[in-house]
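Below, each structure is written out as structure tokens.
Consider the two complexes below, in which chain A is the common component and chain B and chain C are the respective partners.
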Partner chain A sequence: MDRTMGDSSRTEAGKAVAIWGAGAAAFAKSAAVARITLRQMMFYKTDFLLRCAFLLMILYVFSQLWSAAYGGGETGSVAGFTLKQLLWYLVFTEALTLAAPPICSRIEQEVKNGDVAMRLVRPISYVLYHYASFLAEAALRFAIHLLAGSLVVWPIVGAPNFGYGWAALLSLSLGALTVTFLMAAAIGLCAFWIEETRGLEFVLQKLQFTLGGMLLPIDLMPDWLQRICAWLPFRAAMYLPARAAVHSGGDHLLRDLGVQAVWLAVLGAIVAVIFRRGAVKLHVNGG
Partner chain B sequence: MSTGDSGGLRAIAAFLGTCWKINLASALEYRLSFALLAGMMFINNFIWLFFWNLFFSRFPIVQGWELRDVMLMWAIGAGGFGWVNLLFGNFTRIATIVSTGELDLYLAQPKPVLLHVLASRMSITAAGDFVFGLVIFAWVGERTLLGALAFALGLLLAGLLFLGVMLHVGCLAFFIGNSEGIAQQALGSFVSLSTYPSSIFKGAARAMLFSLIPAGFISYLPIGLLKHFDPWFVTAAIAATALIGGSGIALFRFGLKRYASGNLIAARS
Partner chain C sequence: MEALRARGLTKAFRVKRKDQGLGGSLRSWLRPEWEEKIAVANIDLDVGRGETVAFLGPNGAGKSTTIKMLTGILHPSSGEATVVGFTPWRERAKLAYRIGTVFGQKSQLWYHLPPLDTFELIGRIYEMKRDDYAKRREDLIERFELGPYLRTPVRKLSLGERMRCEIAASLLHRPELLFLDEPTIGLDVVVKQRIRELIRERNRSEETTVFLTSHDAGDVEELCSRVLVIHHGGLLLDEPVERIKRDVLSRKTITITLAAEVSPEELPCVQGTENVAVAGRQVRLEVDLRRAGVEEVLSGFIGRFGIEDLTVEDPPMEEIIKHIYGER
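Take a look at the complex of A and B:
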């Protein structure tokens, strides 16, 4: 009896060690992929500059549009947003949006040209590989875009003195980028069945732009739409971190983190199912 | 016009007709994909209008612009971009074609090089843009013969402006080498600038939109051409379109003289 219990506890301990070891190995591999991605990015400085130029242009357009809408008044408030809060909100949502690499097109290309077969035989999960690469690229881009966006908005409405809002922004940005990755990966993996996912990607992007609150904070939308947005994952990817930042608040931070956690679980499960089913039906000829 | 000229024009028209017929047949080979892509682009544009609808529900009039004006701006912008991308689908790829040496393929054939390059591709998603433009005009536009003619002129000017601007940007590849990234960003920026009311811009930015970056000529069409016909604006828009188109063609010819083959073996795509 004692021996049986001892064997059982040793087996349990062995399993725990094995799981811990697998997790640590996956983390080490992901960190290596992230390092390689960052090194690769250093070779594409022109691409960075061009993206920043686009960000500067679009933020300038937004600043003109919203200044005109607010009638140039910097003190008035619409749905709890002053012009200053609104323009900085747009800096944060734009920085998050433009931070995301085109993961959907990359997966689609790999499926279409057969490169996916090369990735599948590597000793790292296909989705995890792309996630590590995505996150490394997105984190660097996000930081640079925040700086670039500040160049436009700071002179117009003043410094981003949001206090704890910055901590809230950083806390929620990891979850936000992960939600963005999972949504794009789910669409990209549809290439296993339909090959051409560009159209679906367009629609996903535009849903993020509108229902995600990139162009317009959800608070400014009609009540009926706010209620719909509350049940969709898009707001977790942009609205939650940007709103938390400009409202300087950790008031709803735990609730917002909880919302992101729920969507991460749901979308993670969807991506896992799509990937498993897609990989089973994959046929690659030649090599 | 001499008989030789008219014969040449007829030959070019026949050549273009054949290009477009082949492009369409090629696009329709994958009908489901064609319908999906065009449909998605239609929805994509519609989502932008949804944003504007939300915006104007908060701020009903901004610098004299109302929701209907913005809808017509999108109808002209998307419709103009759509027709030019359907008929001359390579206009967004000139930089790529030049910098990769794909141009060799067109140089070796006895047809006008620029026209051949432009008409050799049809953008499938553009069908969605074009139909979107027509649907929005039918929805909120002035449904009279005069209104339809003005809208058609708007589509023509917008499409030719997109073409002329991208021709200039694409020709950069003759002088600085690989400029695909610049061309993509320039296209994105120009399309963005032409889909926001021009009246929100003041001072130097506004002047730039009607000169160096002529997106203002597209975005102001719903006001200056459709809502309150302004002969000065329309004349300026036509002159700007002709100037940009003409200088784009001249720049392409000049660049062609500097072009060095990359010895690339390529097929038409």
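Take a look at the complex of A and C:
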């Protein structure tokens, strides 16, 4: 009896060690993918510059618009947002939006030109590979976009002295980018069945821009729309980190992290199912 | 011990049928018509450990699809396969550690970075121990003479240099079985030769099983001991390279260097010889061994002309394959 128990606890321990080992190995592999992605990114300086230029232009236009809407007053508040909070909110949402690499088109391209075969013969999950590469690229871009965005907004409304808001921004941005990745990956993986995913990608992007609160904090939307947004994943990808950043209290942080966790679980499961089914359907072009 | 075994491997997929023109596109959009295409039909394969097998066939015969099923990239429509003990499409990740792949028309190297960066990534992805990785990498760099290119971005490498790096990258994790899909495509003769030597050496020193597809007869003749020919998705032939050369195409090319120049009219007329060409003192002719023996051909020359040199060669593999298709 004792022996059986001893065996079973040993097997349990063995399983735990195996799971821990697999997790550590997956992490080490992802880190290696992230490192090489960053190195390769250094060759795309023009892309960085163009994105930054676009960001500067958008933010300049919005800061002029919102300054006019607030009547130039820096003390007034609309739906809980002062002009300063609103403009910095826009810096954060824009920085996040423009940080995300076009993962959907990349997957589609890989399926179309057959490069997907090169990825599938490696002992690293196809989705994990793309996630590691996505996150490395997005993190670097996000940091650069924050700096670029500051150039426009800082002189207009002052320093981003949000205190704990920064901690909230950083802790929620990881989840936000992951939600963005999972949504785009779910669409991109549809390329395993259908030839074109551009239409779906277009719709996804526009939904993210509007219902995600990129151009306008969700608090400023009509009540009925706010209620719809509350049930959609888009807000977890942009609104939550940007709002938490400018409302420094940090009182909703746990709740926001919880919301993201739920969406990560749901979207993660969807991506896993799509990938598993898609892998069976896949037909690699060329040869 | 078997490295690879497949039974009844079949892959069918649906293709949308599209008529010509805008109207055709519109019709196929409104009422899509699908047709089933069989890429690979009921193939049986057996490859022993350490064997070098050529897998040949014309474009569209199903070679790449078969390789993609055997590496776990594609799921077959039916049939089964075991590759180094794993079912590829069910145990793709486990299999990945044990096999290597080179797709001649695709690159696994990071375009803007030196090959060393890709090697490092591969070392990590295959969970190689650091000291083992370093040792193995140095060994391959030396054997493949990659030293001068290690720090050059891949985009600046010539095709031959890149291909050597590609193959070295595929060998880093010591695969037991190497799938090579057109490894010498687009390379010049000298580079092709070098790549063949390197693969052959790996096969000898590490008993790496090689499963190769190629359009190049030289790859097959110099690297492989057995040939599998596939056509229209089905296996057409499975024979040792030597036997194919002997049985399927019983032709030899004889080149004779004579002591003095000779005109074509002076040459003996032997039944079964064809394509006789005379250039100065050199006479080149093809002989069909089913109609005449080499001895018979030579006896026409001996005694009548002084012979300085003589070679009897096998025909090139392209001819052999062409012949196989013609015969079956």
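Definition applied: the second predicted complex is superposed on the first by the 284 of 287 C-alpha atoms of A that agree within 3 Å, B and C clash if a C-alpha of one lies under 4 Å from a C-alpha of the other, contacts with A are read in each partner's own complex, and residues count from 1 in each chain.
We adopt the following convention: a residue touches a chain if its C-beta (ideal position, glycine included) is under 8 Å from a C-beta of that chain, and two chains touch if they have at least 3 such contacts.
In this text, all values refer to a predicted model and were calculated from it rather than measured experimentally.
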Practice task
Using the superposition on chain A described above, determine whether A:Glu12 touches chain B (first), chain C (second), both, or neither.
Solution key: neither
Practice task
May I ask you to decide whether A:Ala25 touches chain B, chain C, both, or neither, giving the answer as first, second, both or neither?
Solution key: second
Exercise for the section: Return first, second, both or neither, reflecting whether A:Met221 touches chain B, chain C, both chains, or no partner chain. Expected result: first
Problem - First (chain B), second (chain C), both or neither touched by A:Asp251 - result: neither
Exercise for the section: Pick out the shared contact residues on chain A: the ones touching chain B in one complex and chain C in the other. Expected result: none
Problem - chain A residues within the chain B interface of the complex - result: 46-47, 50-51, 53-54, 57-58, 60-61, 64-65, 67-69, 78-79, 194-196, 198-200, 202-203, 205-207, 209-210, 215-216, 220-222, 225
Handout entry: chain C partner contacts - residues on chain A that touch it in the complex
Key = 25, 28-29, 31-33, 35-36, 39-40, 43, 114-118, 120-125, 279-280, 282-284, 286-287
Exercise for the section: Flag every residue of chain C that touches chain A in the complex, lowest number first. Expected result: 13, 63-65, 68, 71-75, 92-94, 96-97, 99, 101, 103, 105-108, 110-113, 117-118, 120-121, 124-127, 181
Completion exercise
Within their complex, chain B touches chain A through residues 33, 36-37, 39-41, 43-44, 47-48, 50-51, 54-55, 57-59, 62-63, 125, 181-182, 184-185, 188-189, 192-193, 196-197, 199-202, 205
